[in-house]
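Please find the structures below.
Both of the next two complexes hold chain A, though its partner changes from chain B to chain C.
The block that comes next holds the complex of A and B.
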């Protein structure tokens, strides 16, 4: 009898020990630690994928590290692919880095779940004054600044100048280009082998939400948990126009609507589409990768009935609230936010700097070449995005908006059905 | 797997009648047995049973992935909500179509392939090795490979069809072809293990049966129908139900190929559960979905098991 009991006790003990170790693992707060000589090490998870951007970030970190021997920053290079999944695992498992690079629309969800530190005390007044209020709004959750907004993507139409010339179309210039103009050029350049426009809308949600303000499409009113959705004519204008070009004008390649932006870029280089709408960052890829002699131009910003407006969804740098060194990490971000550093990052990525000082540096350094004139022009139309203020947007975008738009752009449902699906799927 | 297990010999000297009063020796033996089993059982309990039960329990809570979230027991609320979740049941239906057609078609193709490999062909050993290659591929690699094959503009499949004058098909992007295209990949990657098992089953059918049938004048088709297939039936049923379960729970291939798109047309239940757990961060609700899926599979499995037991019983009596 005795031995039976002791066996049972042993088993229980071992199981308990295992369970305890498991708990320990879970609650350990991740990120940097202290080395033996008392210096603090901060982990900085960066997602930037352009080599020149990585150099600019490394340069900024090196300069900080030599000025601050007590607080050393260590870069952890990660990628944009699967970044959300990686972060949610890191946060839940307690192994998230101290400084976190991401984008506003997705990081807000983590802030709502309480994982991010408030930066409003730690950032200097100059840093805060350097960025327009509308952009700060996009990273403010419950009156706390939960991220530093660095650079923004806008959507830019690029054209194959040779194909436009063949079709006898003049490359549009000026401050903006209307959607009608885009449709006209697309029709004019469509031939038997060439579609006028290729648009990588495999995941259409971000594009549609960003361009919607051009027609006054807000989708949401209110903020926090009390948010109303409205899907009316203004909100449906962008998808309807894309749908019309694809299925009535037949000037937009319907296959491209199921692809990613970079897939369509291959068709663009191959000359099977005359124009393509892409994130501005693709200008950096085109400058590097476009085939020899390929004559591409960036077209003026797309203008809807309300102007050339696009929703601002900046890339962000946040601090993990469970970091042991929130203060030091915030101080590093304040240093990182200098005009020179951000201008270098923005140029390498072909993105628009959120801060005014960095934007000036970019304008003078590039002289408007390689599409920069048009990219910077879109910056004037950047407006705060109502969807960033809506709790539950990230869920709705993934499970309702994306599939419904895919069905509409795949010509499976009507725009009325689209509106119903979007409205019913909210809340 | 389905061969009737040899009847277990009762423990030494013990007969059911005498079980009530165990002698001191039997007691000692039993203690020894427990002591020997526990070390092997412990890892299973700690690493398999406890997480599994914790996962089942989560389905009855309102757990989220928020920081320091307070988890409350909410009874069957998640399941009541789930019962009305049209998206989930749509996804469940897609999962049944996906797993059912992959399992059935894999079974059929595997029989054909196994027959071919079982016949006296030249280079038999080489072809048997070649057939195994898809087995060696991780699902993500399979997915990426087939995404390239299906590519609208630069994929070899459309190029080959182009030689015959067939227009480009947007395999993974078109609403009508996405699910069938994904099913083909599922069959391709599941074929090797099914074929190998069926081949082994075929080789265990005594050659005399074929000879006897041939002497009686049965042609190839009749011999397949009356000798090979009945002999293969237990293996075939077992492997097909296992294929069904595997594919119903499969995540990698479909995630890499389509991520559930276009418009949710290939949103199989594991993908939907994953979105709910890690995108919507509603881990409690997602666990409830997992519980429902486990129940559904147990139900399907039990139909098979009951059938199997009945056959065994009939066979013995």
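The block that comes next holds the complex of A and C.
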């Protein structure tokens, strides 16, 4: 009898569940379009995950919507994890949103496949002039601007000022700090209990590719499918210097080379490493999570033989070329690109705004505190990177570059073998 | 065989020690995630590795509940997981019986086809699947997701249930037939009740598979109000590898509660040995 009741309950539950699910068609399923009153609705897929960022974006959208009753923007909140797979399915299935938030390294491939609209004509001259050319290069494909670059991260060295003082080292100031200086300070602060430097390079590809322009390391020439790789002295300079600090100077904690940046922060807070190189966004985490009285400072941008250059891989906002309202979507992006909006997003995400006006707002509002002065200084050296234009870069990065660098930084292979693996693994 | 032989004390102690060690091995990650859910961000980013938090923090739970629509996502996940479980069980039961008992070319073809469907990686078929669902107007619906989950879990559940069916002696069915029961009655009153442990295992498997699944839900669902729990929890992993570990741990702890409830309910029915002595050898 009980089992009959259970079966009945189960059947009822299933019928109810089906009735519910059958009625639930998602609000984002139909794509953007025109409503009955003639108003256009644009779907804006945002990946921003921080509450303050979401608020800043919502405020900008609300402001646009109230000023433009005929063109309404609807935010579709998504996440970074799996965003590439989701987007490729959306584009292939014809359900991609009108406005797409992503990052340059990943969105360029979609542009090369012809999925993104050219924004060159739709963005105002002020908007274009507000962003340095080097950053525009990162989102320019076949002479078309395929995305608006919003915010980006750089790599910044942070130091425990007390440990530097104990070692008799003056905290570097000025416009930049050379790699030699970094190595010298790391050696000077290394003791029996403390490593001079901790560097979370468990997945080293992004760091190495970003810092390579400092020594003129391009890795690639050409664009699209016609790309050649060259791994010479300039390209090997960054990994070789890291390797040298770890295994010759013994001033860089080799364990940290297998960890993530966040893992190394624990050692930094615990005083077992005097300095750490991190993504600039970690400054916000340090401001929140560092133990009370922990005296940390951001050091000047790292300078190589070519200058304090880093590859720009900004977050981006693009327009779907198949959108029925490309013009309206581009106009919204031009509005969205205001200094105030981007400054709010940048501060919430602890990232560097690509536009100069937004950087000025951030500099004023933060007063350069909590490392912002040095972080904003790194923006001056952001340049376009050839790897962004190379078809197949993402796959090569995961299957060749990361494993080969891990072996090299784990002292398993020589730099010549590293160069051979990287070259042979391309194409 | 003498079943009353007493196990020596040292062996018993070793058995319990091994069992305790195994339980600790299995349970430690769960304990750690529970511990992390009560730790402050500063403590999670320190070198201290205490299981007991230095300071108990409850804001991770409020953050998880407030920020990411955790409750509505949990509701969606529950709806999807229960529906998948029920449909998969209803479909698996007769199909597995047919596969185990019937002889013929269709059975062989069916078996090979089931195996073949397991060969294709999900990533390979996701775009065609998306296009099919869009044609059927089932993209961005929970119903579409449920049907996909049922399709993906069926091959495994069929193979699993086939084994249970094969273990039921044919003599029991013959005895029922000789007593005048129709084939349907034999199935309903003799075979299916004996398959209850297998059905419970199938139900648990399908529930957990659907409850935890991330990739298909990520791609097939577009609207935030339809997101399932794994999608919502992944939102705590941000760009550039930023992880909000405290709220993520709190969300994960909350997410395990419905699974535990379903397991505790089904586990009572997961009894073995029902066939012991059914047929005299």
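Everything below uses one rule, namely that the second predicted complex is superposed on the first by the 377 of 427 C-alpha atoms of A that agree within 3 Å, B and C clash if a C-alpha of one lies under 4 Å from a C-alpha of the other, contacts with A are read in each partner's own complex, and residues count from 1 in each chain.
Criterion: a residue touches a chain if its C-beta (ideal position, glycine included) is under 8 Å from a C-beta of that chain, and two chains touch if they have at least 3 such contacts.
If you're wondering where the values come from, they're calculated on a predicted model, not measured in any experiment.
Of the two partner chains placed around the shared chain by superposition, chain B and chain C are both touched by A:266. Applying the stated contact rule after C-alpha superposition, one finds that A:395 touches chain B and leaves chain C untouched.
With both structures placed on the common chain, the touch criterion links A:406 to chain B but leaves chain C unconnected.
Once the two complexes are overlaid on the shared chain, A:85 sits against chain B and chain C alike. In the superposition on chain A, A:191 makes contact with neither chain B nor chain C. By the document's definition of touching, neither partner reaches A:340: not chain B, not chain C. Contacts of A:349 after superposition: chain C is touched, whereas chain B is not reached.
When the shared chain is aligned, chain C comes close enough to touch A:279, but chain B does not.
Touching more residues of chain A than its counterpart among chain B and chain C is C. When the two complexes are laid over each other on chain A, chain A has residues 14, 18, 85, 88-89, 92, 266-267, 270, 272 in contact with both chain B and chain C. Per the touch definition, chain C reaches chain A in the complex via residues 41-42, 44-47, 67, 79-80, 82-83, 86-87, 123, 126-127, 130-131, 134, 137, 139-143, 146, 214-215, 218-219, 221-226, 231, 234-243. Residues 3-4, 7, 11, 14-15, 18-19, 84-85, 88-89, 91-92, 109, 112-115, 202, 255, 257-259, 263, 266-267, 270, 272, 321-322, 394-395, 398-399, 402-404, 406-407, 410, 412 of chain A are the ones touching chain B in the complex.
Only residues 31, 34-35, 38, 42, 45-46, 50, 64-69, 87, 152-154, 168, 170, 172-175, 260-264, 267, 275-276, 278-281 of chain B touch chain A when the two sit together in their complex. Against chain C, in their complex, chain A makes its touches with residues 10, 13-14, 17-18, 20-22, 24-29, 47, 49-51, 76-82, 85-86, 88-90, 92-95, 103, 153, 260-262, 265-267, 269-270, 272, 279, 281, 285, 288-291, 315, 349.
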